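Following this line, the structures themselves.
Two complexes come next, and they have one chain in common, chain A, joined by chain B in the first and chain C in the second.
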Partner chain A sequence: MSELSGWWDDYFWGAMVVLRVFVVALVMSVVFGLIGSAMKLSKSRIAQRLASAYTVVFRGTPELLVLLIIYFGAAVTLTSIVQIADPNVKFVDIPPFWAGAFAIALIVGSYMTETFRGAFLGVDPGQLEAARALGISNFKTFIYVRIPQMWRLALPSFGNHMLSLMKDTALISVVGLEEIVFVAEMATSVTVKPFTMYIIVALIYLAITTVITLSVMALEKYANRHLQGSR
Partner chain B sequence: MSFDVSLIIDSLPKMLRGLGLTLQLLFISSFIGLALAVVILLMRISGRWFLSAPAAVYIYVFRGTPILVQIFVIYYGLPQFELIRESIFWPILREPFGCCVVALSLNSGAYVSEILRGGVLGVEKGVLEAASAVGLSKRQRFIYITTPIAVRLAIPAYSNDTISMLKATALASTVTLLEVTGVARTIVAETFAPYEIFIAAAIIYVTLASMFQKGFGLFEKRMSRYVKDA
Partner chain C sequence: MKAKQMLVKAVGALVLAAVSTAFTVTAYAETLRVGTECTYAPFNYRTAEGELTGYDVDVAKGVAKLIGAEVEFVCQKWDGMIPALIANKFDLIVASMSITDKRREKIDFSGPYRISVGRLVGKKGHNLKLFNADGSVNAAGFKGVKVGLERATTYENWFKAKLPDADILRYDNNEAMYLDLQNGRTDVIMTNPMKAYLKFLSKEDGKGYEFVSPAIEEKEYFGIGVGIGLRKGNEAVLKRINVALETMTKDGSLEKYSLKYFPFAIHPEKWVALSE
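On to the complex of A and B.
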């Protein structure tokens, strides 16, 4: 393992980049999922159609391809916009961090859409009727009645989506983000010990996914605490 | 910037040539993965710790790491060892195609065995009790009762997994294979028209994915024909 000395801090900062992408993409994907499920459950035909097109396309396209479309597509689009103002500009660089986080969030958001839709439908309609009978406003019903009951139902698949989101972050190295796969590539070109370098990457991912799995289990226990002893 | 629709139409035939490789990767690794999954499943439900513990570790490791990293460990990593380079597996592990098949099979084996386990655990207890009441042995119960019911229960999840596998074959382009995504990347490198080319590739994948979904839907319907209202 002596070949690893000197690379530990690179792996550490690479892992920090992975965690930052994870958090940013997770927040975005929850937003996309909430918007998507709201559109699917709305009465507007157009909104329903748009949301199902979104889920069909992003659940059927490889993650790598979506990332490449967003990264290179954004570069081409921005370049042509900038060229209107200044024709001398040859190329605009897109930060791989944001392109990557956005691409992953779009994909995971399409899965979240289905999960949230199912969870919203799983809330007992009697609960909502009771809230209306008590004169609670729609907004308050959403916050105090719907959300606490739906997130309990959504949690198991939400946990799975978090895991696939975490694993998708490895792809962003393809467009040059300096995360741990990228560090392993660099370290390999110096030390010529590819197995050691990539196994470290695998172990880092395994550690992070283990932490996610355990926290989802704890959250599930917390969300279902009112059921304890009833079964 | 202009969006050139004719470029999509021009590039589709080129990418369809990559489709053969995509489908080969998908079918070969799904087949090996399924065989592996059955073995792992039998190990997990065997009730013997020295069989179920390694199976659980295998599933944990392969489900907890990105497929891209698994491909890199196998393709770039394994040649580090003299032992591998002199073994009989070297002709397979030397080629990027062989490495991708190995990585995808191992990965799908882990996921599919969990799906099958869900199916087996979903079989109603009463049915098995009835079977033992009419005198079927443990083996007969597994083959004639548990297996057909578990297969039906597992179809929806297996269908989703096949689509994930289809999407995972795109990762083969990172180790120089020219499947659909690989072909698309080379065309983009020549034309620098990312929208047109990558969207054409996405159309191929989405079409394939919906075909698989339809196919599995029909299969599920057939397997559920004994349920009246299905």
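On to the complex of A and C.
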């Protein structure tokens, strides 16, 4: 393991990049998922169509491709838009961190859309009718009646999406972010020990995903506590 | 009507301001952003201490110094190298990229700062007379010499054209070729000298072996070499880079860089400008 000396700090900072992308992408994908599912369940045909288009496109294209299109395509598009207003601007750059997190969030968000939609539909309609009968506002119904019952149903596949989101972060080195796969490649180039270097990456991912899995299990237990009976 | 126009303008200005703060809008400055892989030792790689180094990195720094620009390296994976250059993520590719006609349809190249050659490796002290003193091929010397090379490579094409009668053994990979050279199934092998040095000659197994030919530099077979890539339409910068590389070829800087990483020259001896 002596060939690892000197690379630990790179692995540490690489893991920090992975975690930052994970957190930012997770928050964004939950937002996308909630908006998407609300649109799919709304009465407006346009909103339904838009949300359907979103899930068809982003569930149906490879993650790597979406990442490349956003990173390279958006930079060129934004540059030409900004140049209309100010021809002196040479180029507009999207930082790789935001491009990477946004691309991953778009994809995982499209899966979350379907998960949340299913979970919202799983809430007993009688609950909503009861809320309406009691004169509770739509907004309050959403927060106090629908969300608490829906997230319990959404949790198992939500946990799956978190894991795939975590693993998608291994793609972001393609846009130049120095995460742990990239660190492993740099280290391999110098030490010629690819096995050791990639095993370290696998262990780091496994450690993070284990924490995610355990947290989801704990959350599920908490969400279903009313089903466990009294002791 | 007027109020509406004002509103449109105000919103436009706001959006623009938001875009410029959210993203780094970089105006023209004399900083050359250089795209490289950072994972391709010994040409561009990072040491455990975090220092970026290698032949490509030295060349990029040398060029920047000569044309009086700051240099900033951007690590980019190979697959996205040309798209990233075109999307303006950096200004130059200095990443051991071979100059090919196909790539030249998309981007411009400087003249070569590293050559593509083939070279023969054999046992030390065998005294094979494969080449004449002037560097030309001695066909008689190849009689009874078993030559190993990789299948479907430029080296095979070279042998077909120059020595159609040579006794050739074809391999699917380098490692098997080195093994058979050690086992005596072949007498010499033809390969890329840098690869041979890194994978074989510099290792324990390669101790008893050496180059038994000069570096064979024939562009029609092995290509022009490795150049600096840049977006099309930057003729002024391209010209300055070419002048800098020409100077570095002549004043021995490139030789100094190449001997830092290899015990032989990997740079062109004479400056070669690319034809249009």
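The working rule: the second predicted complex is superposed on the first by the 216 of 231 C-alpha atoms of A that agree within 3 Å, B and C clash if a C-alpha of one lies under 4 Å from a C-alpha of the other, contacts with A are read in each partner's own complex, and residues count from 1 in each chain.
Going forward, a residue touches a chain if its C-beta (ideal position, glycine included) is under 8 Å from a C-beta of that chain, and two chains touch if they have at least 3 such contacts.
Quick caveat, the model's predicted, so the values are computed rather than measured.
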| Which partner does A:V76 contact after superposing on A: first (chain B), second (chain C), both, neither? | both
| task | Could you say whether A:D93 touches chain B, chain C, both of them, or neither, answering first, second, both or neither? | result | second
| message | Quick check for you: in the superposed arrangement, does A:D10 touch first (chain B), second (chain C), both or neither? | response | second
| If you stack the two complexes on chain A, which partner ends up touching A:A170: first (chain B), second (chain C), both, or neither? | first
| request: Quick one: classify A:A85 as touching chain B (first), chain C (second), both or neither. | output: second
| Regarding the shared-chain residue A:S157, is it in contact with chain B (first), chain C (second), both, or neither? | neither
| task | Using the touch definition from the top, say if A:K193 reaches chain B (first), chain C (second), both or neither. | result | first
| said: Output check: A:S52 vs chain B and chain C. Expected answer is one of first, second, both, neither. What do you get? | reply: neither
| field | Residues of chain A touched, compared between chain B and chain C (which is higher) | value | B
| query | Looking at the overlay, what does A:E178 touch: chain B (first), chain C (second), both, or neither? | reply | second
| Shared chain A contacts, counted only where both chain B and chain C touch the same residue | 68, 72-73, 75-76, 79, 173-174, 188
| message | For a test of understanding, state which residues of chain C touch chain A in their complex under the given definition. | response | 12, 16, 19-20, 23-28, 38-41, 45-50, 74-77, 79-80, 83-84, 86-89
| Complex contact set, residues of chain B against chain A | 1, 60-61, 63-70, 72-73, 76-81, 163, 166-171, 173-174, 181, 184-185, 188, 192-195, 198-199, 201-202, 205-206, 208-210
| field | Residue ranges of chain A in contact with chain C within the complex | value | 5-7, 10, 68, 71-73, 75-76, 78-79, 82, 85-86, 88-95, 173-176, 178, 182, 185-190
| said: Which stretch or stretches of chain A touch chain B in the complex? | reply: 56-57, 59-66, 68-69, 72-73, 75-77, 79-80, 163, 167-171, 173-174, 181, 184, 188, 192-199, 201-202, 205-206, 209-210, 213
